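Shared chain: chain A. Partners: chain B in the first complex, chain C in the second.
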Partner chain A sequence: MAKTVLKIEGLKTSFNTTAGLVRAVDGVSFSVDEGKVLGIVGESGCGKSVTSLSVMRLVPKPNGHITDGKILFEGKDLLRIKESEMRKIRGNHIAMIFQEPMTALNPVFTIGNQIGESLALHQGLTGKKNVERCIELLKTVEIPRPDKVVDEYPHQLSGGMRQRVMIAMALSCDPKILIADEPTTALDVTIQAQVLELMKELNAKLGTATMLITHDLGVIAEMADDVIVMYAGKVVEEAPVVNIFKTTKHPYTLGLLKSRPDMLDEDEKLSCIRGMVPSPYNMPKGCAFAPRCDKRMDICDEKMPNLIEIEPGHKVRCWLFEEGGA
Partner chain B sequence: MRKYIIRRLLLIIPVLLGISIIIFSLIHAMPGDPFAHLIDPNMTPEDKDRMLESVGYFDPLPVQYLRWVVGAVQGEFGHSIRFKEDVLKVMWPRIQNTFVLSLSAMIFSTLLAIPLGIISSTKQYSVFDYVATIAAFIGLSIPVFFFGLMLIKFVAFDLGLFPIAGMQTIASGYTGWQLFIDKARHLVLPTLVLGLASTASLMRYTRSSMLECVKQDYIRTARAKGLSERVVIYKHALRNALIPVITVLSMQIPRLISGALLTETIFVWPGLARLSFQAIMNRDYPMIMGTVTVMSIVVMLSNLFADLMYAVLDPRIRYQ
Partner chain C sequence: MAKNLIEVRNLKKYFPIMGGVFSRKVGDVKAVDDISFNIEEGEIFGLVGESGCGKSTTGRTIIELLDPTAGSVKFDDKVIYDIENNVRMPRNELQALRRDMQIIFQDPYASLNPRMNVGTIVSEGLVKHKIANKKEAIEKAKELLELCGLSADNVVKYPHEFSGGQRQRIGIARALALQPKFIVCDEPIAALDVSIQAQVLTLMQELKEKFKLTYLFISHDLSVIKYFCDRIAVMYLGSFVELTTTKRLFEKPLHPYTQSLLSATPKSDPTITKERIILKGDVPSPANPPKGCKFHTRCPQVMEMCKTVVPEFKEVEPGHTVSCHLMDLDAR
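For the complex of A and B:
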């Protein structure tokens, strides 16, 4: 079995807002193995991005707090180490790619400067060696004329190119974990495919454990080995990618799959999950998905089900599958 | 880049022409004449008319204007009616004095305001931030003459730390370093007074600009690289935050020069703003035109300075 690089146990992250406390991530546990891609799916606001920012310990301050849980990176709890130690891990062992390539690069520094910064910081590469390594990295992410691009500014590159630069930046120090937070959402479909292809190749070549956050099930099918589905800050289903698509258990995952246009016969209407994500200020007492669920039972309004393993490697949080339910 | 600068410098000429026409028409629309308050009770109206005629007062305005422009192009700004001397000759020492005062006020306010603004933004809602905010509001709302008089009363008179007024100790016989220190001591209070308002507003601008920048995605990227907070703030955020601050700074340069009137008056500082004020009160037309021309050039140069600074700070402007 592959080595587990990252293990998250009972992570809770919440935000203080003027309207009250929001539990963005509420007791999430999962692990990522070496060389594997873990897909995290869910609607906007389900806590995917906050989970990834929590791993980096970059939850926006001063309102966001990680209140509980463990984030074990190679056995070390990242929530218990000093900020200065965390800085040595960030960008070095755990790197991140963000959603918006247009704004994620600093407009006033050259590409070379921005990639070289991590190299200088974590690997002590300076001067000519630094520039050479930058060009090499740009080559790895298949940027044309890398020796020119290294001296260019972000505004001179297209969105797809910028996202490649972000990937190069993230890979610069050979991280053990790569967190990609909706890496293709802001790109055109054709560019999306190219970037995904590149990420897949690099994952295969470098064996970096990857956390891929997306709301696009197509991307998941393409990229992931294992999938967790999140809803309202909790994991509702966790399974290998085949099981998610073939033996779907949770009504929410089912709803997501059904609302994909490619599942359509020609005349069939596109189905959708009715209702809205519950307000974080006013979470239902029982299962958070109950108000929107087609298979709702009485107990669903009363108590939140537990995440239980129903088949090896396939976990689900639903009363349909838990004893004490129907 | 060099082409751009040359083009911008050439552009100053037509703008100056336009300004001079407007100012020339406006000052001649003012009632009164250069000798209105020099009138000797024994002087006949005919005498006065003769004096006015001698300075070309009765010529048609276009003729008067052309005469001025032709002279100005040749570097000849005419004779001051009041000082009975060449306008440039009268202005030159005043320009230097004002330059010294404005420059030191600008350096003082920039060096104080930008670091304070940065600290204020990184420690938003801290005690430091509140103190700085309150101080900035006091600085903005306190009248210049009042603040100046307070400093003179408490710092200069009661404590005797700095001289009360003037540019140097009269008849001190200082030379070399002693003279420099003496002049610097005279400069301190006027600098404080003149720089006060700009420090306050510049600090507020820096703070809000920084707060805007640290929210940006590229700051998160910088943090995700593992950079220390110092590098994140002073490299990634500051460079971006300074772009709007430059605008404010460049708008303050003309204000520091023409707006120095109260400061120059309170501290008996023989500067350009006071000269310009006196010229207007005396209807000393050549002198008014001279001071206005100098100030217009300063405004345009500071705009050019701002545009060049943008290009230095922001590559998106450079490459367009």
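For the complex of A and C:
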């Protein structure tokens, strides 16, 4: 079996807001293996981005806090180490690709400057060697005329090219873990196809463990090996990608799949999940999905079900599958 | 055959580029460049393409929210404008006609006035067109909100109190207030979450049946277009490259751009492995589109003649129009 690079246990992240405490991530556990792609799906506000920021220890301060849990990177708990030590890991061993290539790059520095920064910091490459490595990286992500682009500014590049630069930057120090937060959401379909293809190739070539965060089930189907479905800060289903799509268990996952028109047979009507995500200030007492669920039972309003393994590798948080329910 | 509700002929919309010391016109962004099509009564006509291809501009120019550069549009057998023959509908007539054509915008956060309450937003058109007095209009607004899945007491609330999906419902209620015949839907679900998207789509479908509406549905999401539309036009850099029924387009796409667009859309099925056509490069700037066929810079099947000769947009089989030189080769 492949080596586990990142293991997260019972992660809880919350935010202090004027309206009260918001538990954005509420007891999330998962692990990422070497060379694998773990997909995290969910709607906006379900805590998928906060999970990834927690791993990087980039939760916005002073309002955001990681209150509990462990983030084990190669056996070391990232929540217990000093900030200076974390800085050596961040960008070096764990790298991140952000959603908005327009805002994630600094407009006043050249591309070479921005990629070179982490090379200088983590690998001590300076001067000519630094530039050479930058050009090499731009070549890996298939940017045309890399020797020119290295001296250009972000505004001179298109969205797809900027996202490639982001990937080049993330890969610059051969990270063990790559966190991609909605890497293709801001891009057009044809450009999305290019970037996904590139990420797939690089993943196969470099064997980097990848956490892919997205709301697009199509992207998940193409990219991921394992999938986590999140709802209201909790994992509701976890399984290999084929199981998620073929032997779906949780009513929420099922609802998500059913609300995608490309999964329908001809003449089949689109079905939808009623209502909307509960307000984070006012979470239901029992299962967070109960108010929207078609298969709601009395117990769902009372108690939160546990995440249990019903088949090897397939975990579900639902009373339909747990003893004591039904 | 159903009657054509909308007839668009050779529509062009150019945006001037200003530059130089005296801000003179130095060029044009050809956002919409010579397109013609009809929309039949009761039809959902889909317009698909990547960002910047002119979909939204088309939608807005048809209902004359933007001033057209050239071409003509007929709505319900009445000429709205015909630039070549210097015909324009008089202002007061056009205003009356606006009752029949409405628009739903993409961004539900930007398209509702934050300082008006929901009742006023929905009933504004009714009051403006003197169909009802203020009191009646509010009653009507309540009805419309309930129709769109919101409760009637929401009329006193303000837009910030609603989520994205609910705001879009308010936008739909506003569009329906005047009982239009035709609604331009400009990416109405692009800003929403997947589960909410399905809700709004279903609502729009129900309303279409109920009020016998005709939609121009603009989207970049092919799977939504496939589910929702009767006929589809694929746009690239301001021009149509292919126009046909939904069924034909997905069974037998003829234009290389349509083919690559279809193959680029991720399918929600991990067991299918498919051949992908990956396009090289980016969409060229519409201010300076390539000569000949606009797609030739990225086309996997490019030929020498594509670089110089603009392909004609012609019917290759009944109801299937394509603009590509490859079609001539096949015929020969």
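Definition applied: the second predicted complex is superposed on the first by the 322 of 326 C-alpha atoms of A that agree within 3 Å, B and C clash if a C-alpha of one lies under 4 Å from a C-alpha of the other, contacts with A are read in each partner's own complex, and residues count from 1 in each chain.
The definition used in the following text is that a residue touches a chain if its C-beta (ideal position, glycine included) is under 8 Å from a C-beta of that chain, and two chains touch if they have at least 3 such contacts.
What you see is a predicted model, and the numbers here were worked out from it, not measured in a lab.
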Worksheet item: Overlaying on chain A: chain B and chain C, fit or clash?
Response: fit
Item to complete: Using the touch criterion from the header, give the chain among chain B and chain C with more contacted residues in chain A.
Response: C
Item to complete: Considering only the touch criterion stated at the top, classify A:256 as touching first (chain B), second (chain C), both, or neither.
Response: second
Discussion item. Looking at A:141, would you say it contacts chain B, chain C, both, or neither? Reply first, second, both or neither.
Written reply: neither
Fill in: First (chain B), second (chain C), both or neither touched by A:190
second
Item to complete: Give one of first, second, both or neither to describe whether A:199 is in contact with chain B, with chain C, with both, or with none.
Response: neither
Item to complete: Based on the superposed arrangement, let me know which partner A:56 touches: chain B (first), chain C (second), both, or neither?
Response: first
Worksheet item: Which value in Å is the smallest Cα separation between chain B and chain C when the structures are fitted on chain A?
Response: 10
Worksheet entry | Of all residues in chain B, those that touch chain A in their complex | 216-218, 220-228, 236, 239-240, 313-316, 319
Worksheet entry | Complex contact set, residues of chain A against chain C | 43-44, 144, 158, 160-161, 188-194, 196-197, 215-222, 224, 241-242, 244-246, 255-264, 269-274, 276-277
Worksheet item: In the complex formed with chain A, which residues of chain C make contact?
Response: 50-51, 163, 165-166, 193-199, 201-202, 205, 220, 222-224, 226-228, 260-261, 263-271, 276, 278-279, 281-283
Worksheet, complete the sentence: Per the touch rule above, chain A residues touching chain B in the complex are 56, 58, 87-92, 95-96, 98, 100, 103-110, 117-118, 121-122, 153, 155-156, 166, 169
